[in-house]
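Supplied in structure tokens, the structure appears directly below.
In order of appearance the chains are A, B, C, D and E, and numbering begins at 1 in each one.
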Amino acid sequence: MNLQLILAAPFAAAILSFFLSGNDAKSALRTSLVLALVIAGISLPLVGAGMVATAGHTWFTVPVVGTEVKWLLTSDGVSAWLVALLSVLVPAVLLAAPRVVGERMREFASLVFLMQGFMVGAMLSGDLLLFYAFFEAMLIPAAVLIALFGGNNRRRAAIVFLVFSLVGSAPMFFAIWWIALSCQTTELSVVAVRIGSQLDPMFRTGLFFAIALAFLVKLPVVPLHLWQADAYSEGPAPASALLTGVMAKIGLFGFLRILIPLFPAESARFAGVFVAIGLVTVLVGALLALQQSDLRRVLAFSSLSHLGLGLAALFTFRPEAISGVLLLMVAHGLSAAALFLLAGIVETWTKSSHVDDFGALASRSPMFAVLFSIAALASVGLPGTAGFVAEFLLLVSIFKVYGVWVTAIAGLTVILSAAYTLRMVQRLLYGTPALPAVERQDLRVSEVFAIAPILVALVFFGFYPSPILKSARADLLTRLPVAQASATEDAAHVAGR
Amino acid sequence: MLPAVNLLPFIGPVLFLILGALATLVAEPFLGKHDKHKFLPWIGTIAAAMSGVALFFTAPGHLHGVFALDPVRAGLLLVLLVVLVLGLAALQRNLSSDGFEGGEPYVLLQLATIGAALMVMATQSISLFVGMELMSLAIYPLVGMRRKSSESAEAVLKYFAMGAVFSAVFLYGASLCYGATGTVGFGGTIAEGRAGVFNLGFVLMSVGLLFKIGMAPFHFWSPDAYTGATSGTTAFMAGAVKVGAMAALGNLWMNFLVTRAGFPLNSPLSLKVTIPPMLFYQMSPEAFSSIKSMAVLLFGILGLLSIAIGSLSVLGQVSVRRLLAFSGVANAGFMCLGFLLPSLARGYIDLSVTWYYLAGYALATTGALAALSALTGAGDSGDHLPALSGAARRSPLIGAVLTVFLASLAGLPPMAGFVAKFQLFHGLLLNVFSGLVQGVNPVSLLAIPGLALVLALVSAAAYFKVIVAIWSQPGQASREPDSVPVLLGWAVTLTAVALVALAIFPKHLFGA
Amino acid sequence: MIAQVYFWIFAAIAVACAFSVLASRHPINGAMALIGTMVSLAGVYSLIASPFLATLQILVYAGAIMMLVVFVIMVLNSAKDHYTPMLDGLGAFGFVIAALIGVLVARVFVGLDGKASVKINPSAPRGDVEAISKTLFGSGMHTGGWALLFLAIGLVLLTAIVGAVLLAKRHLDTAETSTEGGH
Amino acid sequence: MDTVPLFQLQILSAILFAAGLATVLVRRNLFFVLMGVELMLNAANLSFLSWSRVQAGAATLEGQVAPLFSIAIAAAEACVGLAMLLAVFRTRETLDTDAYSKMKE
Amino acid sequence: MDNLLWLVPTLPVIGFLINGSLSLAGARSQNGPARGLSGFLAVLFPLVSFLLVLKLHIGLQDAQESVRTINENLGLDLAIPQSFVQPLWSWIAAGDINLSFGFAFDGLTSVMLLFITGIGTLIHLYSIGYMAHDRGFARFMAYLNLFLANMIVLVLGDGPIVTFLGWEGVGLCSYLLIGFWHHENANGDAARKAFLVNRVGDLGFLLGLFVLWQIVGPSTPLTYEAIAAWFRDPAHASLLASGGVVALLTLSTLLLFLGCTGKSAQIPLLTWLPDAMAGPTPVSALIHAATMVTSGVFLLARMSDVFAHAPITMHVIAWIGAATAVWAAVTGFVQTDIKKVLAYSTVSQLGFMFLAAGVGAFDSALFHVFTHAFFKAVLFLGAGSVIHALGGEQDMRKMGGLVKKLPITFAAMFAGWYAITGLPFGAGFWSKDMLLEKVLAQGGPVLYGVALATAAVTAVYMTRLMILTFWSPSRMDHDVAHHVHEAPISMQVPLWILGLGSLVAGFAWAGMIPGFDWFPSQLAGVVGPAQALLSHGEHEGPSAILLASVGVGAAIVGISLAFVLFKSGAFRENSTAGLSGAARTWTLLFDGIHAVVGIWPIRLASWILDNICQPLLMGLVRLFAYLVQLLGLLAQWLQRSRLRLNLSMSALGLLVILLILARDLL
């Protein structure tokens, strides 16, 4: 399982797809698609591989200080599944893109591959600074995608996105200096061991929040979410599909891979804060989604709400929560991506993304209607789709630690998400066409091939999620020093009632 | 300490550059006005390539205590050569789109490179002075090249006048150092009672160099000069001048430290030395205090000042050249902060951080301006954001590399700028703990990296504005796709690759 | 003793001329004053056992460079604004700064002559042609470098010429290169 | 025979240096800027030579040689400067440096 | 035998897939895919699974029988197999959670499945005729099949979570089918309302489940069998008595019951069912009368062991059931839309069932479910055929005098009417009287009185329906009138069968006639213990015959009252008044409550967030940006353009440096 190869492949693909493919969209699509499938072929086996790590080379040693920064790639269940998710989404995105990006398919493909590469790097890196590097590097291709293909306000959207992300992760940069300084290394496993002894608690708390901030912005959570809606609605839909499908997940992933292992004590101490933030995000996101009239803003806020639930559950440190979060990442990644792709396509029909400008698509473009409603129901978390299992596990874990009333609040998402999603579905599919002038068209075969597999996967994992749940179980429990604590507290909880 | 070596293999790289310059000069009259821009740049490029090759056959050492070579210097020379090629390519683009007649600019570009190379290699004030003047005297005319444009005239006037004044200041300082140590060499032993003279000399010489680097408050020339010159020239001087002057300043600073520490120096220092720590414990308190105050004032406070001025001025700029000028000011500040790193308490004088930063910055800014020259068109009329918006759509490759360069300047991975900033701030933070030198309040030093980081973020916003602008829809001033010359295309692309490679393999540039 | 007297005379002339450069209205007067300074400095040089440099000062500075300056002044004599206002607020500001800098610099030397180490060294070799040429072109650890620098000077002059050509070529559209501005 | 103390020489050079700087800062005519620079260079030369008198042996001669170079470079600088002056004058028909203030940020 | 369980839901799924792809494939064609093929398939698969269920039912009987005989012959005491269980695969396994996906088939299941698949098949058949001219024929069939599959999963699941899968699945299907005619936005709204209201219940379901799970502890697998075993286990008796657990248990059961109210349209979540009539009539018959809406009662019976330990909850259930019954009956009294009347009558009948379950008579509640499935189905189908005949007219004020025009339909509906009013020996007679008897016995006279009154009112409005539709002079405008035609054969067959069923189904448990107790014997294994726990021993109540005659009396009173009111020409001012004034407010009472309690606050909150908080936050960010830019302007102001000024400032800098360093310059 050569991680270096898996990491290098997308970058190679970016360059190849730029130089191999001609200027016309067709050849670009063909080339990039082949490359994407090859990458998928390389990366998918990772899922079965369990814990993998490369030999750590020295990336560089800071002069004077002597801190050694490692070039070290590691893969565990979570990162493996995220990489797999990514490598599955990229071909879909490419397939669904042509309508949206038109003649600039070549640039689009390269940028997408670049993003893929950086994301893979972030998911696999076993060194704090290396992770940060990839974490930051994502910004530029994402911003360029928004700027190059986006809507009318894309400049502002891109700038706001960049500035928010950069400012949000600056404290993490500072924290990394500090950690590197006190631990003399940034290798995660080593830092995890040394940080406890090297830093006094007050500093550690500071660093903990400094790092958390970066992930909270990436996720994002209320009130750090201001960049999100604009970025998702102004950017090109396929890119938004990637942003919400995978990049947002890296926020959660960061908590799982970096923050909790490095700061178990702080995580336990401030768990309540994060659960609260998560729940607020759930509610606010859902309520805002109810109010939106722009198709993709609805989707954006729904992502906000769903991931908020993930955050809240993650900080219960229940083993089932970990599995649930991983499943949520995959499920939401798939469904949200599908929705964004479809949204992007339908917008090219009406040249508008206002929900009132559609209507009657159920009869005018049945294939679209079918796929869209399946994706929507999956994102609502209907039983039989992966989303349900995820939400179930998350709610259970919240329930086990915080009891029934908190869970009831979290559970409101079950109702609200149905509310805004169905509202959207109805505006799109039901009624009479708002713009009868638009001639009726339906998905192309290629687009169906892009999206149908995603939905099939969603249903499959809805009935048979064990592979994902297992791989989360396999290696992550070791990362939860506080899980047992809360488990016992939970037992006490029952006895107390 | 470097061994003495003999002439030829040592001087090789420079020799090739001289030959290139002369060849260009000789060939110039014999070429038709269109062929000039077709062929002349290639002569310089070939010369640069050859001297680059020659660089690998040089051994570390010094020549009569006048010039010296070591891995770091060699690395910087390599950067200089890249800058030269970029400059030639960009200049070719400018001159041919301006319909400029005459190939002298190429000659001057190479001569200026020689000057910068001499500055890098210089180990005594006179050779440094000669190199500095060679560089400056070659660049002044380049800045004033556009004789029809009043901007150009104004730029050259200011640049020349200030430059002349500060080179005089430098020379005066050199004379004082000579007086104090009895040698024009940087290193030496201070005759008793002349420490004050030595300090004054050092300050004056540093000010002379700080001017060239463009540190506040000696930076006023740079925005005007950058904007007045053709984007090609700007590209070249942004890189070459910084490299030359920065190397010289660093060399000067190390020698100052060593000299004040009373370290017996019978041959020039390499740019990366370690001194037995005890030496610094035996240092006389007054020497120590003067070192401390020099460091904090010249590099700490001035550094922060120029970071502040540069980063904040960057915000409102419309002209990308002007923007990069101010970014140059800011980055000069960062590099000078790097000079605070040699933690005397630990006995290091290791400026590698600065050298790495310098290399990364030079490549990035030169590359950015060179790439810009491909987009601005005749007379650099298109060098403002409205005209540039959507430029990258016209030529995606140029847009891509420009993005890479700007991102590196903004300190984003995976470009060298990121690694450099990390090392820099990281080291600074260390000094917060170990104390730059005993008795400096750590908190006040903690302010330095903190403030620097905040300002770096602020300036990043400006680079983002450019990046987003060039990629988003063509503005009202958009033109037809410009065909990018072969040389320029390859030069910027390879430079961008190099910039990324520098980040992924940071150890290898300076042969460490 | 006699040297001291000469020195005072030369120094007085030099300073006086220097300030008249600062004060003179028309550039031509300034140029003349500057020549005065240089010549008197040449005198000072010869006083401190540097005959060669004194000669060079006369030949190159007072001779070549200043002639060139005067020549250009004449060329541009048509220029309407040779008479610029002498001293405005900004000028005064600058003058004060320059003066203060001068004071701070001079302040460094105040203590010096008391110290033994800065007594004039009678046994120091004179800067006559022979010694200087030996230094300049002789080979050896400490001297060999100068020859290199001397070559470098050649480059500098070449640069100057090319630069002058680039700047002062009368018509950009004519390819013929006039070396007006060279020397 | 020569007993001019270093102190006096240095003060003289300092005065010349300041005068040159003052000229540059005060005068608006471009010619005076150039001449001021020449003054400063002269000051530097004087300083070199005077310092060389207090050294011994080869050190002395270094101080003797340095001004040589500075003079040569001064010549080159003057040449470029005057050419620049001509060029600038051609574009704006004035030598008043304050007139060259079109470039705003 | 028991390894065939998975096939029961799978068959309709196959039907769904085929029909779905057919409709997609035919979407572009002129008038959709071939009716014949898709219709045939649509009926085929449910039919097969009905047969399969029959086979399984018999198989279970045989298994139990054989064990009994063995026990008798050999005097052994082998446990009698209560169910076939087929665990399929491990579904959700994480942490200490380990849920398997599996099916269990026992008495309750078999009874439910029998009428679900049976009536389901009939209604599929009916739909072929009813939807014959609809563009989305295949799609409709696909949805119906999908619904059937989900309903089967709901009933057949071996644990609450699998049930929940079907539970939400049927919700989805009802959503799709209510909104089947999607060009009407109103239908979409109705569908959404149904789904959302159900979601509220579903949340309750989940939470209740969590609490229940907390009680039984993670070690207990979450299957009905295990849960029941846990509660029946005497070892836990003390724990169940402890205060904390009782509180938890009450909470849990109340939450679960919330889920039931959602699904079965009880107070407070009953508003969606009347709106759900927007769907095609077969849908109303199948989903919103016969099967889905009764799943709440099914769940109560399934978890009877749990509920039996929560007396408070049981009281709540009983009272809510009673209240719903009354309220809905009164509402049905003032409706003019024929389907609305039936809808409210459904609600009210469901109220009866919950009332029964609440007093602990799970079996008679289920028996009423069983009979109700027949007569309500036939009533709806009859109404459908009327509507079909009148070309879509649903307003009873525009009907009348259809006896001669639609004899078959009339016959069927008459049977249904006969059953629901509880006239002797109709299906309703047996079930309702059984129910009333149990209520009196275990719920006390008050509830009994309420129930009796409701029964009377039921008789009134059902009779009113019959009068307005059939027995009164025609009020149809004539072009409608002479289009009126009897339904096609495919619609008549189900009418006959169901009509017959609604007359005889009651004999599955004719309490007064010994031997007719097939029904309770099926359920004994499931609800027996719970009922044993709840029934207060043998009580001395009035005899069954007496009670039955009281019930019949109530019905007759109601009917005659209806004739007095409506037959004697007095109906015009009454029934043509339509929904107005008090009637409307009464009908829409709960909509209002929902709006005030749920919808408006949420709307307000999201409006505030979107229009006040968001801009506020953005404004803060902007403000910060402006401040930074202000600093930028300041910095640029420093950049001057005059040479002397620049030089002076630089020189000043030098001067300052020299001043600061003055100490070092000596």
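Here is the rule we use: a contact is a pair of C-beta atoms (placed from the backbone, for glycine too) under 8 Å apart; a residue touches a chain by one contact, two chains touch by 3 or more.
Just so we're clear, the structure is a prediction, and the values are computed from it rather than from any experiment.
Relative to the centroid of every protein C-alpha atom shown, the closest chain centre, again from C-alpha atoms, is found for A. Among the remaining chains, C is positioned farthest from subunit E, on the basis of C-alpha centroids. Looking at contact counts per chain pair, the maximum sits at C-D. Centre-to-centre, using mean CA coordinates, subunit A is 70 Å away from subunit C.
Taking each chain's centre as the mean of its C-alpha atoms, subunit C lies 5 Å from subunit D.
Work out the mean CA point of subunit D and of subunit E, and you get 99 Å between them. Subunit B and subunit E have centres, each the mean of its CA atoms, that are 77 Å apart. For subunit B, the set of residues touching two or more other chains reads 126, 130, 133, 137, 140-141, 144, 147-148, 156-158, 161, 165, 169, 176, 196, 200, 223-224, 313, 316, 461.
Along subunit E, residues 636, 639, 641-644, 647-648, 651-652, 654, 658, 665-666 each make contact with two or more other chains. Multi-chain contact residues of subunit D, defined as those touching 2 or more other chains: 17, 20-21, 24-26, 28, 33-34, 36, 45, 50, 52, 54-56, 62, 65, 69, 73, 76-77, 80, 83-84, 87, 97, 100-103, 105.
All chain pairs that touch, listed by label, are A-B, A-E, B-C, B-D, B-E, C-D, C-E, D-E.
Residues of subunit D touching subunit B in their complex: 13, 17, 20-21, 24, 30, 33-34, 36-37, 40-41, 43-45, 47-48, 50-52, 54-56, 59, 62-63, 65-66, 69-70, 73, 76-77, 80-81, 83-84, 87-88, 90-92, 97, 100-103, 105.
Interface residues of subunit C facing subunit E in the complex, by the touch rule stated above, are 90-91, 93-94, 97-98, 100-101, 104-105, 107-108, 111.
Listed in rising order, the residues of subunit E touching subunit D in the complex are 636, 639, 641-644, 647-648, 651.
Partner subunit D is touched in their complex by these residues of subunit B: 125-126, 129-130, 133, 137, 140-141, 144, 147-158, 160-161, 164-165, 167-169, 171-172, 174-176, 178-179, 182-184, 223-224, 227-228, 313, 316-317, 322.
Residue ranges of subunit D in contact with subunit C, taken from their complex: 1-12, 14-29, 31-32, 34-36, 38-39, 42, 45-46, 49-50, 52-58, 60-62, 64-65, 67-69, 71-80, 82-87, 89, 93-96.
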